[in-house]
Amino acid sequence: MSIDRIKQRIFRVIQPSDGYWPSRVFDICIMTLILASVFSVFAETFDLPAHVVSVIERFEVVASILFSVEYVLRVWTSDLLFSDLSPWRARLHFVRSGMALVDLVAILPFWLPMLLPGHLLGLRAIRLVRLLRVLKLNRYMEAMAAIGEVFAKRSRELVASCLFIFLLMLLSSLLMYHAEHATQPDVFRNAFSGLWWAVATLTTVGYGDIYPVTAIGRFLGAIIALLGIGMVAIPTGILSSGFIEHFSHSDKPAPPARCPHCGKEL
Amino acid sequence: MSIDRIKQRIFRVIQPSDGYWPSRVFDICIMTLILASVFSVFAETFDLPAHVVSVIERFEVVASILFSVEYVLRVWTSDLLFSDLSPWRARLHFVRSGMALVDLVAILPFWLPMLLPGHLLGLRAIRLVRLLRVLKLNRYMEAMAAIGEVFAKRSRELVASCLFIFLLMLLSSLLMYHAEHATQPDVFRNAFSGLWWAVATLTTVGYGDIYPVTAIGRFLGAIIALLGIGMVAIPTGILSSGFIEHFSHSDKPAPPARCPHCGKEL
Amino acid sequence: MSIDRIKQRIFRVIQPSDGYWPSRVFDICIMTLILASVFSVFAETFDLPAHVVSVIERFEVVASILFSVEYVLRVWTSDLLFSDLSPWRARLHFVRSGMALVDLVAILPFWLPMLLPGHLLGLRAIRLVRLLRVLKLNRYMEAMAAIGEVFAKRSRELVASCLFIFLLMLLSSLLMYHAEHATQPDVFRNAFSGLWWAVATLTTVGYGDIYPVTAIGRFLGAIIALLGIGMVAIPTGILSSGFIEHFSHSDKPAPPARCPHCGKEL
Amino acid sequence: MSIDRIKQRIFRVIQPSDGYWPSRVFDICIMTLILASVFSVFAETFDLPAHVVSVIERFEVVASILFSVEYVLRVWTSDLLFSDLSPWRARLHFVRSGMALVDLVAILPFWLPMLLPGHLLGLRAIRLVRLLRVLKLNRYMEAMAAIGEVFAKRSRELVASCLFIFLLMLLSSLLMYHAEHATQPDVFRNAFSGLWWAVATLTTVGYGDIYPVTAIGRFLGAIIALLGIGMVAIPTGILSSGFIEHFSHSDKPAPPARCPHCGKEL
């Protein structure tokens, strides 16, 4: 069997299943592996007996190697996916696609442990995203693409409102620090404490670990909290207008190409 | 009196009243029973003297049996409601309707106590929904149906944004666990503590029972809290666009079927 | 001077000023009295020396009597405001208008102290609303009317979503009570504690005085908190669509009454 | 070299760079100075050794003088920017422009230390806004202008809803004070404590430092918290409608001025 035949067979197997039974089996195996891998990422955070931990760790090594092999095979066969491009351009095109990047991020924490501090191991949970491809959730992918398009189309306004929020946060944090530091030196220790307070207030999370107690601080806090309503309202309004425009474009049929009363083409 | 006459009389009585006085009396009785039943569900949670508890329990038994009889009668007479269907298809159609399912859920906790753990007894409160039928709140039912339609029409985008929120939660919980576990081992005990933090933060509830204290944890927390604004803004924007489309369709008359100036049909 | 002349002069004075100087002086006096009265309502809540309290109380008596006289004069002269109605119908029409009701609510706590418990004295703060009339804030009144119209037009959907929120709260409170009562008997004491938790969570306020600690409670709490996003998103979406419809109606000119190409009237 | 030549050269240098290399160098220097200055504002809030503080203070003096010189040069050369106006009108026009006011606010805390209490030193952080000009973020400026236009166009409705929120806050604070003062005299000390509670609740921040514990207080609190949803929903709905209108105007081309099928001008 020539290398080309093998490649085509592998390609057909690793593509989302279209009734071809080895492809279905492959999909189910990958899905199980993904779910088990995400489960193990969560399980690792519990106090487990040493022998369970060692089992999880060995499974993690096997899963990461299998995902890596799958990634290499997908890159190798991607020239069959984009047959109108030259092989290397096809592979570059594939590697830069959204799903391939997710695949890469999902295996990187295994291959680059020295690059990533412990709290980035959580990135392995991104493997969950990969389920989307296997599940052929194309309709949800379309909906996600729609959300992405709305963000892209309104990106300038969203970035502008983020800049505004960012500036408001910096100003709030400094004003609040100067208003409260003297009274609560242990709570508002420095401008970063003020920044943490500003984030909690402007996002309306309000954990309650840090809040103003002086009259001037509460007055400032009240104004900033009320401005926080705007922080939610502005992006919501921008996104609403984006979604309305998006759906009014996609739902309506093309305008009639003929004059409505004489039938002439316009 | 034949069984058919009895059935028709029962049907007329249990249908929402249309001026026929036994139907009105029946409606008032059912409403009183529903309100008393919901009240008793709440009353049960208070520390009451034993004799009051036993009265409530006996009332609960009576009410549940009466509701069950009412349900059976409604199913039995439902072939008169959908007279164009065969009797059994009519009954199946009725049993699967929204209000009949509510009726069923409202009596199930009584008949299936072995199936439901204690904290599902609260399901009896769903009896409140039944007031809607008795009150003939048709206009509100239409409005609820409108809300339901908007959810149905935008379900793909809403599910996609839920998937996004779900993934963001999993990632946040793992990142935050790894960032905070060393400093607050009793608060961020495992990934589920992180998940609970992520829910409280992304929904902007922020109880304050769990929050980051390290610099890296607060930095992550700030970013996740800001993304939480998007969690509210995206579904709001999607629903806004849905409601606008819904009302612009339902408010406007159908487009004129004729040319506006020569009267010819288009 | 006849009674009619006196009445007309009083009417001209108590109407919002139109350049007539006694009307202006009257407006300034009323504004000062309103602000002083609202200020005194707040001042009463501070620990003040006895002689200051007695001054405030005496001022409160004088202010309430003056507002009452003003109210009686406004009712008496309201037949000049609606000159096309018979005097008594005009007065009835005036008494039922929004601003006259505000006037009445603002003086009732003085005349009916026996009817109102202490914590309703705060209703006197409603006098602030009266500033709107004096300030001739007609443009803001129009905007408020626009907001009111949107609420009225979408009232069915808003009531339907309130019913939904109300039911979700009742269900949540019972489920959470049954899930948490055994573990935190002092916090989740009864279904009302559960209701208080449900309000704090669904509105995303989250004071942090009450929250689940068990696994099942946190699972339920997470789901309910996520549904809380919908609680904000649904009414926001409904109101957005209402405002859009309102402004698209009021901003756009009437559609052209002529055929765009032959000039015939349609 | 004449004064006019010098002025024109300075003008070309301080305008955002258009490829002219001294202008580029100037931009990079200003950007560095702005970032260092904002960084030093934050650094000042940390407990630093005395010699570091003195370095920062000296840098602050130098930076403020440089920004002041830059401001004077910009005002001086602004007649070249608006060459169609007389020199002094051009300067007045420039001084009143948004970016020039930001420049002024950024240097005022240095020149007017006697006017500003300590907690207003944070205003120096507004220097960050100045980066926008240097970075030639014109597209974001346009987006910000769009947001500003929407606020301006809907200002009446937004102010009306702010009036409503303000009144609701005053009423809530008094009602809650009277409901809770007797039970929690140290928490709800006076009407201002009530106001602080009302702000935290209506904005859904909910720090948890102050909340009702009595039955009547929780009942009131629940109603006010639910009204708080409206506080977020009303401005969001108003802004959504504003953004939709804005983008539907700016995205669509002008309507065709000719009849679409016979070519006659309408």
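A, B, C and D label the chains in the order they appear, each numbered from 1.
Assume a residue touches a chain if its C-beta (ideal position, glycine included) is under 8 Å from a C-beta of that chain, and two chains touch if they have at least 3 such contacts.
What you are looking at is a predicted structure, and each value in this text was computed from that prediction instead of being measured.
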item: Same or different contact residues where chain D meets its copy chain C, judged by the half mark; value: different
item: Distance between chain centroids, defined by C-alpha means - chain A, chain D (Å); value: 30
item: Mean-CA-position distance for chain B and chain A (Å); value: 30
item: Centre-to-centre distance between chain D and chain B (centres being mean Cα positions), rounded to whole Å; value: 42
item: Numbers and ranges of chain C residues touching at least 2 other chains; value: 192, 200, 204-208, 232, 236-237, 240, 242, 244
item: Category of the chain touch graph - line, ring, star, complete, other; value: complete
item: In the complex with chain C, residue positions of chain A that touch it; value: 204-208, 236-237, 240, 244
item: Residues of chain C touching chain D in the complex; value: 38, 41-42, 45-47, 118-123, 125-126, 128-129, 132, 139-144, 146-147, 150, 165, 192, 195-196, 199-200, 203-209, 231-232, 235-236, 239-240, 242-244, 246-248, 251, 260-261
item: Complex interface listing, chain D residues touching chain C; value: 156-157, 159-161, 163-164, 167, 170-171, 173-175, 177-179, 181, 190-192, 194, 200-201, 204-208, 211, 215-216, 218, 221-222, 225-226, 228-230, 232-234, 236-238, 240-242, 244-245, 259-262, 264, 266
